[in-house]
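First subunit A sits with subunit B, and in the next complex the same chain sits with subunit C.
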Partner chain A sequence: MDLILLGFSTLTAPLVLLTLVIGVVAGMIVGSIPGINDNIAFAVFIPFSFSMPPEQALALMVGVYCAAATGGAIPAIMIKVPGTASSLLTALDGNAMARKGAAGKALSIALTSSVVGGILSSIVLLLFAPSLAQVALRFGYVENFALAILGLSSVVGLLRGAVIKGAIAAVIGLLVANVGFSPVTGFPRYTFDNVNLIEGIPFVPLLVGLFGVAAMLELMVDIVKERHAGTKPSGLPEIGSMRLPGKLIRRLLPIWGGSAAIGNLIGMLPGAGMLMAIFLAYDQAARRFRRRFEGKPGEAEWGEGVPEGIAAPEAANNAVTASSMVPLLSLGIPGNSTSALFIGALAIHGMVPGPLLFTQHGHIAWMIIVAFLAANLIMWPIAYGVIKTVSQTIFAIPKQAMVGVIALLCLMGAYSDGANVFNMWVAVVAGIVAYSMRLAGIPLGPAILGLVLGPQLEASLANSLSISQGNWLVFFDPVSHPISAGMMLVSLALWIVPMLMSRRERASAK
Partner chain B sequence: MSQIISEKRPGQRSSDVWIGLVLLAVGGAAAWMASGFDDASRPYPLALSVLMMLLGAVLSARALLGGGEDQSFTQQARILLPAAAVLGFWILALSNGLGYVVPTFAMEFAFMWLCGIRGPGRAALYAGLVTGVSYAIFVGLLDVRLPASHLPWLF
Partner chain C sequence: MRKTASFMLFTLMAGALAASAGAEDFPSRDIDLIVPFDPGGAVDTTSRIIAETANKMLTGTEISVVNKSGGGGVVGQTFASKAAADGYTVLAMTSSVVTNPQMKGAGYSVDDFTPVALYSLDPQVIVVPSGSPIQTAEDFMAAAKEKTLNIVVAGVGTSHHMSGLAIERVTDVKFNYVPTKGFGAQVQAVAGGHVDGALWPLGEATAQAENGSVRILTIASESRHSRLPDVPTFQEAGIDIPIWATFRGWSVPKGTPEDVVAKLSGIMRATYEDPGYVKRMKAAGYDPVFRDAAGFKAVVDSYSKLTSVIIEEANLGK
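Showing the complex of A and B:
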């Protein structure tokens, strides 16, 4: 309780609280701009945090992270263009409801669902992250190696049907993490005699490139394709009343609970990502709707403006935001790509996520946790204000004008990390590589995990083999290292089960 | 969203074959470089390089045996190359003393044009606005130290 109060008192310092509010407003506005996903929103705000004290910088980032996922629902409902990938499914029923003249109701369902999902997820973060960190503090080299393998396996294993490409991505990330001094001997590797690479590829520009620049290129390709196809945007629906009747709230309560539970579970799996959570939650909601409401008088068809179709993905996507911080804050493993950017935000202020964050920077770690709860609590009124004022103006900004703006923000953000032009080249090359990987069907998630976990993996492997006199079975020893043995077995299962499942699916399809 | 998986035409090799070959080459180069590292720093990157070569070979082999995907890179390349060139010229101009304002205005104008904003006046207006606001934010507000300029009177 004392620690929660410590986080609360750090957060309630006037300037810290103000930056959290600014973060929520900015995240909501940026998230509601079509084409700017939560990764870009986060990447462009990292440079703004350089000059701030760590408490303010991280409060800003928490606000942006939570609000961007919610803000994405606004254009999804109003113009059927998801502001963020997490609002992909919201666009279906949300826009259909808006076109029937109930845009206010659709927006209200989306916002309330996001807030409920976010609050439940913040409670999960509050309960699990510190206790998991306590366990992780007891980890030695052997357990750290097994943990890194588990982190990599969890994301590779979850890519059903694309295990080879997932493994390729992980190896790319691990190999790139080798650039710079060896963590074991200090020998410079893959530096090409470039002093900028001596300490490895600069992490913040790399992340800005992988997410921001790649997304900018993707947006540009989409715009050019739309131009060639001659697609024209349609007019905006009227917002109208945003009041939710009590009967509808009671009807959506089980959806909120179920979807938030799915979001929390998926969010805590390293690398599982938000999309998986929203698809699972959407599927569960569809089954429930078909069982209870489909075909009844006054009920729309699924996908044609059903409240559950908005509530489920929105509750799930915001449930992922805080729960994805559980593995990041407690174990140092990012739960999804956006939370990986948090590593950069913490690194700028000399902090490393993981169990030591709670001992070395306890007030910051607890402030981040409390800030997630606070951000979700203040989200509803802010979102309401943004919808009524700024959103209408935002939809008037031509998407074409956003490409250059995103490019500039990303590259200046990369440059600001040390005022080094080399960082800009890193961001551009990383962006092109990330976009090419996407085209080739090679997922980015495992590569990010490889980049983050690479140095830890090598150092803990070398030290484990050193203390065990080269015994590779040390990681599977159930007597002296039961946690490691357990994690290695789970890792094996994460590789084997999806392969068996896809083989069975192929066999049954034949 | 922008994944275009084209239908396989007779005689067309899957793009996975080429991706596998690229990985094989990159892995080979990384392994060759790793062979020059000291004894304690070598095994880990060498193992990863060999693993990359193996995965590349598996990907190519699988595609040759009828699996894999066909992905058209040429259409995207036609859009992406000009964008990469604009970014490259902007960085070069910035780092070679042309200041912030002129290169940034030119970059923004080029992106507006590439994305289909027609009418030089409209594109110049947007580009000017973005350049001015970004200068105010990064230099005025965030105090970012820009590369030295040979044209200080032009910012």
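Showing the complex of A and C:
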């Protein structure tokens, strides 16, 4: 407790607090520019951090890290281009709601969900960091494979009726994930002797293309159609009122709790990644929505502007940011590539993350944890301000001009990931593919899930079998791998239960 | 046609002029230090520490770190191999430059680069989980003879994987390699006891050993390390490999004027002699060293000789 207070007093030094605020503002802006993410922001910032005291440097990084995940929702909702990968699912329901004239409400849901998810996760981090870390250590290759299967099973929640098309999309994603050197044999697959494909198709430009370039094409088609019909071109959605009715808040409370819990658990596991948490939370929210609200008067269809569809991924992604600090601070294991940069920042100041950090530099370790709580608290007013001023102005730009702005942002964002021209082509091709998929009615969500989970699925399966000498039953072993066995059963239930229910419904209809 | 030819001649002449001008008052503009990996990794961190220190000494110009990542380093390395040989494009050169052409079909060869200076040598170590019954290097070799141990390496064909293959060549043990991408996931696998051990670079292993999650058994260097006086070398542990170390240094495209190479090497030497730099590198977990152009070339050549045999024998080549 004393140490927590020490962390708190370290954070409340005026300069430290100021850098945290600067970090939040910067993160919000960085997050809301498609293609530019917290990784790139850190790379720019690391040289400055050499000359800063560690407290200030780390406060700044925490601010950027937390706010970037939130800022990503702004363009996702306004123009259906996720600012960061973490808001890719927010783009679906969020943009649909904005197009129905409730952009302010959508932004407000996203913002509030982020803050609530972040705060819940920070509190868990504050109370249980060291003991949770021990749980994370129990995840080996077998558990990671089971987790990937569980993630893949969440595809059920992403599908609405079109099961075949959904399955096709997931398979496309898994196939594309095969490009690059095989992690098991080191053999090149579908690289066509192009060095840019050795590590697979670069992910950030791919996402920028799938969403950004596709959104640009959509806008262009809109404009052309309006010209043909001779109607006055409609503008982008207006932000309008951001008030959330109390009834809606009460309705979203269980979503926030559930999504934050999922984000918390997944965030602790190195290699699982933020996107898996978002997909699982989204799936969980979809199931709840179908049980309680679907088909009732005044309710939109899932994917067409449902509040749960915005709340779940946003609460989950901010929960992940805080909980990815659990293995980092207490074990020295980075949970994702961004939190790995914290190791760099700590190392530059001669500090080694791990159990020793809490004893040797207790004030820094606890300050980081308290900073996550503080960053989420101050994020609400700052984000509100940014939306009401900067975003309001930007999105008042006419649609035609916006097409150019999006194109520029997308190509720049794709290029800046590795400073490589090849990435711009990736974005353009991915955009055309995504737009064609949309025309064919093939959903994008399952494809991205396949893309994200493919490499993990392959590596963890190969390594599990290699260690167990080819024993496939290892995943269901209740004695040595109880976590895996449990997750496998849950995955199985996720597939079977909806089938049984629809059969019973059909039987009772007869 | 004639226009193009004369234009080309003009460019060539201008280039030659620029090159000769560059040799005298080098550096007269900013130097790009190409890091062919993502920000935050070992090469990036050390490069930024060097740039920061060197920039305090340079006047009017500075070294700026440029991350050109992708393709396991090949993208940035290829870019640097094709850059103008004027000393204004420097590659943060790692061991992967040696092996990438043979294994990943990269378009350059190691001879397309002129080594400038070496700043870090990271010897290979064998680690086991701290809860493992294996206490010493002898225990480890005995256990490996009894059964095939599961050993984490960063990936198939990495320097760490090849160090394992090298051990197999000189002893009668066989390992089962568990390629695991990302250092975080590797620590997870070792610290969580999901594998028997790992082949890691000393730099990254040190922090994990200090916080008590792993135990370092033996180190692949000619003499014991000052910070780990109780850890035997590979040769003391009965593994006949005198040294196996990944290296980090600077190199420039082939054909860069010799005096420019010498000037760059001088910048690195001056950086190495700065006490603040040494302190900062050590704090970040790297032992700074300095070898000039010739010394670095010797290190590169010996590594190249060691690995090319293994790549061929293990059929890792493309």
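Convention: the second predicted complex is superposed on the first by the 285 of 510 C-alpha atoms of A that agree within 3 Å, B and C clash if a C-alpha of one lies under 4 Å from a C-alpha of the other, contacts with A are read in each partner's own complex, and residues count from 1 in each chain.
The rule is simple: a contact is a pair of C-beta atoms (placed from the backbone, for glycine too) under 8 Å apart; a residue touches a chain by one contact, two chains touch by 3 or more.
The model shown is predicted, which means the values in this text are computed figures rather than measured ones.
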| item | value |
| --- | --- |
| Partner chain(s) touched by A:292 [first = subunit B, second = subunit C, both, neither] | neither |
| Partner chain(s) touched by A:185 [first = subunit B, second = subunit C, both, neither] | both |
| Which of subunit B and subunit C A:195 touches, first, second, both or neither | second |
| Partner chain in contact with A:138 - subunit B first, subunit C second, else both or neither | second |
| Partner chain(s) touched by A:463 [first = subunit B, second = subunit C, both, neither] | second |
| Partner chain(s) touched by A:504 [first = subunit B, second = subunit C, both, neither] | neither |
| Partner chain in contact with A:419 - subunit B first, subunit C second, else both or neither | both |
| Residues of subunit A contacting subunit B in one complex and subunit C in the other | 47, 50, 182, 184-185, 419 |
| Contacting residues of subunit B [partner subunit A, same complex] | 1-3, 15-16, 19, 23, 30, 33-34, 37-38, 40-41, 44-45, 48-49, 51-52, 55-56, 58-59, 62, 69, 71, 73, 76, 79-80, 83-84, 87-88, 90-91, 94-95, 104, 107-108, 110-112, 114-117, 126-127, 130, 134, 138, 142-145, 147 |
| Subunit B contact footprint on subunit A (complex, rising order) | 47-48, 50-51, 164-165, 167-168, 171-172, 174-175, 178, 182, 184-185, 187, 189-190, 217-218, 220-225, 227, 398-401, 403-405, 407-409, 411-412, 415-416, 419, 421, 424-425, 428, 432, 435-436, 438-442, 458, 461-462 |
| Contact set on subunit C toward subunit A in their complex | 38-41, 44-45, 48-49, 51-52, 65-72, 74-75, 78, 103-107, 150, 155-157, 176, 178-185, 187-189, 191-192, 194-195, 207-208, 210-213, 280, 283-285, 316, 318 |
| Subunit A - residues contacting subunit C, complex | 39-40, 42-43, 46-47, 50, 136-141, 181-186, 188, 193, 195-199, 202, 270-271, 327, 331-335, 337, 340-341, 343-344, 347-350, 352-356, 418-420, 422-423, 455, 459, 463, 466-467 |
